[in-house]
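Take a look at the structures listed below.
In the two complexes that follow, subunit A is the common piece, with subunit B as its partner first and subunit C second.
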Partner chain A sequence: MASAEPLLSVRDLHTTFPIRSALLRRRVGGIQAVAGVSFDLQAGQTLGLVGESGSGKSTVARTIIGLEQAASGQVLFQGQDFAAAGRAQTRRLRRDVQMIFQDPYSSLNPRRTVAELVSEGWQVQPGFGPRGTWRASVQELLERVGLNPDHLDRYPHQFSGGQRQRIGIARALAMSPKLIICDEAVSALDVSIQAQVINLLQDLQRDLGLTYLFIAHDLSVVRHISDRIAVMYLGRIVEEGTRDEVFDRPTHPYTQALLSAIPVSHPWRMPSRERIVLAGDVPSPADPPSGCRFRTRCPKARDRCAVEVPALEVRLGEHASACHFAAVEPAVAPTA
Partner chain B sequence: MTGGTELIETVAAPMADAVPERVRRGRGWGPRIWIPLVVVAFYVLAAIFGPMIVTFDPVATDTANRLLPPLSHRDDGSLVLFGTDQVGQDLLAQTMQGARVSMLVGVATLLLAGFIGVVVGVVSGYFGRWADAVLMRVADIQLTFPGILLAILIAAVIGQSVLNVVLILAISGWVTFARVTRGQVLATKNREYVDATRTLGASNWHIIRTCILPACTAPILVIATLDIGSVILAEAALSFLGLGTPASTPSWGVTIANGRNLLSSAWWVSTIPGICLAILVVSFGILGDALRDRFDPKMKGI
Partner chain C sequence: MRLAERPTGTAAPGTRTGPLLRVQDLSVSFATGSGRLRAVDGVSFDVGAGETVAVLGESGSGKSVTAQTVMGLLPRPAGRIDGGSVSFDGVDLLDRPDSYTRALCGTDIAMIFQDPLSSLNPVFRVGTQIGETLRRRRGVSRRKAREHAIEMMHRVGIPAPEKRVDDYPHQFSGGMRQRVMIAMALSMNPRLVIADEPTTALDVTVQAQIMSLLADLQREEGMALVLITHDLGVVADVADRAILMYAGRVVETGPIREVYDHGAHPYSVGLMGSLPTGDQDRLTPITGAPPDLRQLPTGCSFHPRCAFATDRCRTEEPVLRPAPDRPQAHLTACHHAEEVLADGIR
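Let's turn to the complex of A and B:
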């Protein structure tokens, strides 16, 4: 694909959490939360990152934004390496990448007012104009995210979950970012509120040209908002492609199992649809299986899977899949 | 969709401690808080205004009126409410002067110990690693000494003065503050809102100032209230042993020590400042307990 330089480019990212011994705190092993993740994100697009709990999708987000240290690999933002940048430069880069957190109840400091919360980025970064103009700017932002601009002296607990998430969005927008990472940004919300917040995110993307890395486990939400989708399993991306490719022609057995689990509104209209139920649990990321990490639960697993790690490459159709036996199973995906 | 809302409510319920104090303060000011508060307020007023009304002169003597029992009259007909001591000094004046010294020492000690403790607690809790290991081992070692023994040792070395007493008691009192602060910092620093502040590019100092310290105020205030009683008591003990405040600024401990040879003949010289001391210490104890239950029910066992 010959296109412009991607806004965000993640290259073979590894993030490992050390396991330390009880007494001497010596390192005795590591949990490979992220084990070799690579993807590109074009400006103005939305990449949906999906996977079950423990697949490492949140760790990818936290590593990109600098809350976790990468063990190896690169995170390039507009071609600049985050890790290689100096302290001052990193702080400036951070303005361009903001994050919306999962839980609107714990991600806002309960002791600060909305005005303080939204303008917090301006307090910690230089170059946001004189303090005197902040209140007016906060009010504009609150209006932009659909909150009453007169509520700027209230505390977070005086708002509902959806309203709090809007405060979180206003906080991120205050930095005029280019990329916003939404880490399960709507998972904690009511379904009706989810729709409102997603519509808000889409409006903002259209108006401000934002780029989203949208992390979720709810596939219908991801399908609604994403341009491209990457599916993660146990610290690796197993399938990556455009939304329609991944949803309509999934080639990795894990993606197929995930998609078959989406409830459909009129099941009798698709009698051929089968539910693929995976056996067993996700293996421990402290001791992942050899070869293909999915092989312990894969219905198609053969000897080759235990030996050879399947690369994420275009195997069938137009999108990348990390399965030696990639094949389209027509009966799994629900048609919208 | 009420199911979803209920789920969010139950998820939010354990977060009650995250609600700001100023919002919760509206409920639960029971008698366990206001009665000791009134007593303490009375002592504070007596300490501030008492010596202005009944002046105390440490070198004045009035041997004609020595060892008068409480509620008796001097030659000139004036009432001595608390009696007089062996040189004829008014015990009421001495006790109020003593309240001034004791409470001043108590508050100054807590401010100093609190400052040291909070700094140590934040450094070791927030930055962790070797700083945490070193500071907490120092605290552990200090805790193995009985506090009063350490205080006596230092007092014997650096000598007598009000300032030295404050220093000595602060040195033996900072550990509690450091441990409580560290615990609170550890509980707060992994909160999601701290991460959310960090992603804005905030410095550690900004995070400590806006996220960490505000979360520490309530437990620190509780510890301070619980501690001030024992600090005042420790000061009295030091003074009683002759290692505390000098005779020119008599605290309760000095007055109590003065009367110990007269216990069989003139009980009031030691007993009255002793009772004053006991009431104040007990009041602070009850107040601290009540405040702890009020602000931090989780700490009940401590």
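Let's turn to the complex of A and C:
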């Protein structure tokens, strides 16, 4: 896709968690939670990052925002390297990139009022006007996210789960960010509330020109909200492309199996649907298979897969796939 | 006969006539720091032998409390049964002491929980736990119980059960642990299995494996299966019938395709509109939030969130009645079901 400089560019990112010995806490190995992840995210777009537990999708997010240290690789925001930025630049970057977390119960300090929670960032970041105007600004934000602006002196426990997630969104918006990372931001909500929050996120994107990195395990939700999709398996991206390319014409065997497993609310309306059931479990990231990490569960695996790591590149159609045999028939039947 | 009490279960062919499980007008409340909370309010349903029934609802709908009451697992003294009856195979369980229910549970009735890690004992080998019921209830030998555990593990698709039978729960992945739970539940050939959010904690590919395993076992064993879930998608493939709960009441019930395709209650229609299907630009969620169970709205509990609500809904509580012009087994608790159905066709 030829276009302007991406807002966020992740280059060959590696994040490793040390394994330490029980006795002297000596480092005896490492878990490569993220093993060479690269992607671009254009301003105003939503990239959906999907994968199952242990795929490393949340670690990617945490590394981008600096909650985990990258072992190697680069995170460029508007062309600027996060790791190489000076103090003033880092401060600016921390403002521009905000995160919304999964659990609206544990991510808000129970002893702070809504006004304190939403305005917290203004105390450390310059440029948000004099303190006297903050209450009015918080009220505007509350209204923006669909909360009663008069509730600014209430505490988190006085709100429902969906309302608390709205407080989290208001808190992120308070910093006037360019990029919001949503880490399972709607996963803990009941379906009727989830739909409300999804609509809110879409409205905010349209009105404020926000960019989202949307991380979730619920593929139906990701499909609904994303422009592009990246599928992760065991620390690597296995397939990346536009939403319709990835969902309608998946070429990686893992993506094909993953999509076929999505629970469908009206299965009788799609009689041709075939479910690909993967054998076995995800291998341990402490000891990943050689070559292609998916080969141990892959119906297409051959000798080459054990020795050669497949690069993420366009092999069939218009989007990238990290499978040596992405273009080889018989491909596993796509869903729907 | 009141409509709410109309038996909707299908009796097993050639056996007894009554349903296997019959819940009638069940009400359960909990004591909280700020007053009593009505968690289940006049719930009635039947489950026929060999039938698969999905009990659907969001948090606070009362679906799990209903299951706990059936299993005699209601936390006491906070939880209290205020009325109604639960009968299994014609015997009223609420009349009997909890010990009677518990004796049934594990043998005739079994339960599968959401989180296998916290439901399995971490310090006992899985084989011991799977064989425990058999040893305690039937007094079989340790060796026989172990053999039985291996056979059960094989049946639920755990590879190399002869080796894994001596492993501890932490040595299994989430999906395999849930298979261990299923092996435990099925070890006594129960006639009824209640699964409370059996796949919620699992990844989507594992979720699919576990649901197809449950469906296969149900078909082979002919047991009745009650699936309690908030996820409308995961049960659509396997359930015969759906029971949709909201704020402690059954708001709609019927064959699952009927309820999903011809929703006759604004809540079920709203839930369907909240699900991303891949072809909408925008979701159409239900407005507002579920009510506080300590201060339920008057009349129909759903009326504050309902586009069809009229004065009648604010004063008169709707009872389950046949959905107009739909198959007889399809019941809805809405005064305006005619309009809801007409709206869905439009």
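Brief remarks on what is shown
Definition applied: the second predicted complex is superposed on the first by the 322 of 336 C-alpha atoms of A that agree within 3 Å, B and C clash if a C-alpha of one lies under 4 Å from a C-alpha of the other, contacts with A are read in each partner's own complex, and residues count from 1 in each chain.
Everything below uses one rule, namely that a contact is a pair of C-beta atoms (placed from the backbone, for glycine too) under 8 Å apart; a residue touches a chain by one contact, two chains touch by 3 or more.
Remember, predicted model here, so these are calculated numbers, not experimental data.
Legend: residue contacts after superposition of the two complexes on their common chain; A:D190 is shown touching both subunit B and subunit C.
In the superposition on chain A, no contact is made by A:D303 with either subunit B or subunit C. When both complexes are overlaid on chain A, the residue A:W268 reaches subunit C alone and has no touch with subunit B. Of the two partner chains, subunit C is the only one that A:S53 touches; subunit B does not reach it. Applying the stated contact rule after C-alpha superposition, one finds that A:Q163 touches subunit C and leaves subunit B untouched. Applying the stated contact rule after C-alpha superposition, one finds that A:V277 touches subunit C and leaves subunit B untouched. By the document's definition of touching, of the two partners only subunit B reaches A:R171; subunit C does not. Look at A:D287: by the touch rule set out above, it reaches neither subunit B nor subunit C.
Shared contact residues of subunit A with subunit B and subunit C: 161, 190-192. Those residues of subunit A that touch subunit B in the complex are listed here as 62, 65-67, 90-92, 94-95, 98-99, 101-103, 105-112, 120-121, 123-125, 155, 157, 161, 168, 171, 175, 188-192.
The part of subunit A that touches subunit C in the complex is made up of residues 52-53, 160-163, 190-196, 198-199, 202, 217, 219-221, 223-225, 247, 257-258, 260-268, 275, 277-278, 281-282. The touching residues of subunit B, when paired with subunit A in their complex, are 1, 4-5, 8, 11-12, 15, 18-20, 23, 191-193, 195-203, 206, 210-211, 214-215.
Partner subunit A is touched in their complex by these residues of subunit C: 58-59, 173-176, 203-209, 211-212, 230-234, 236-237, 257, 260-261, 270-278, 280, 282-287, 289-290.
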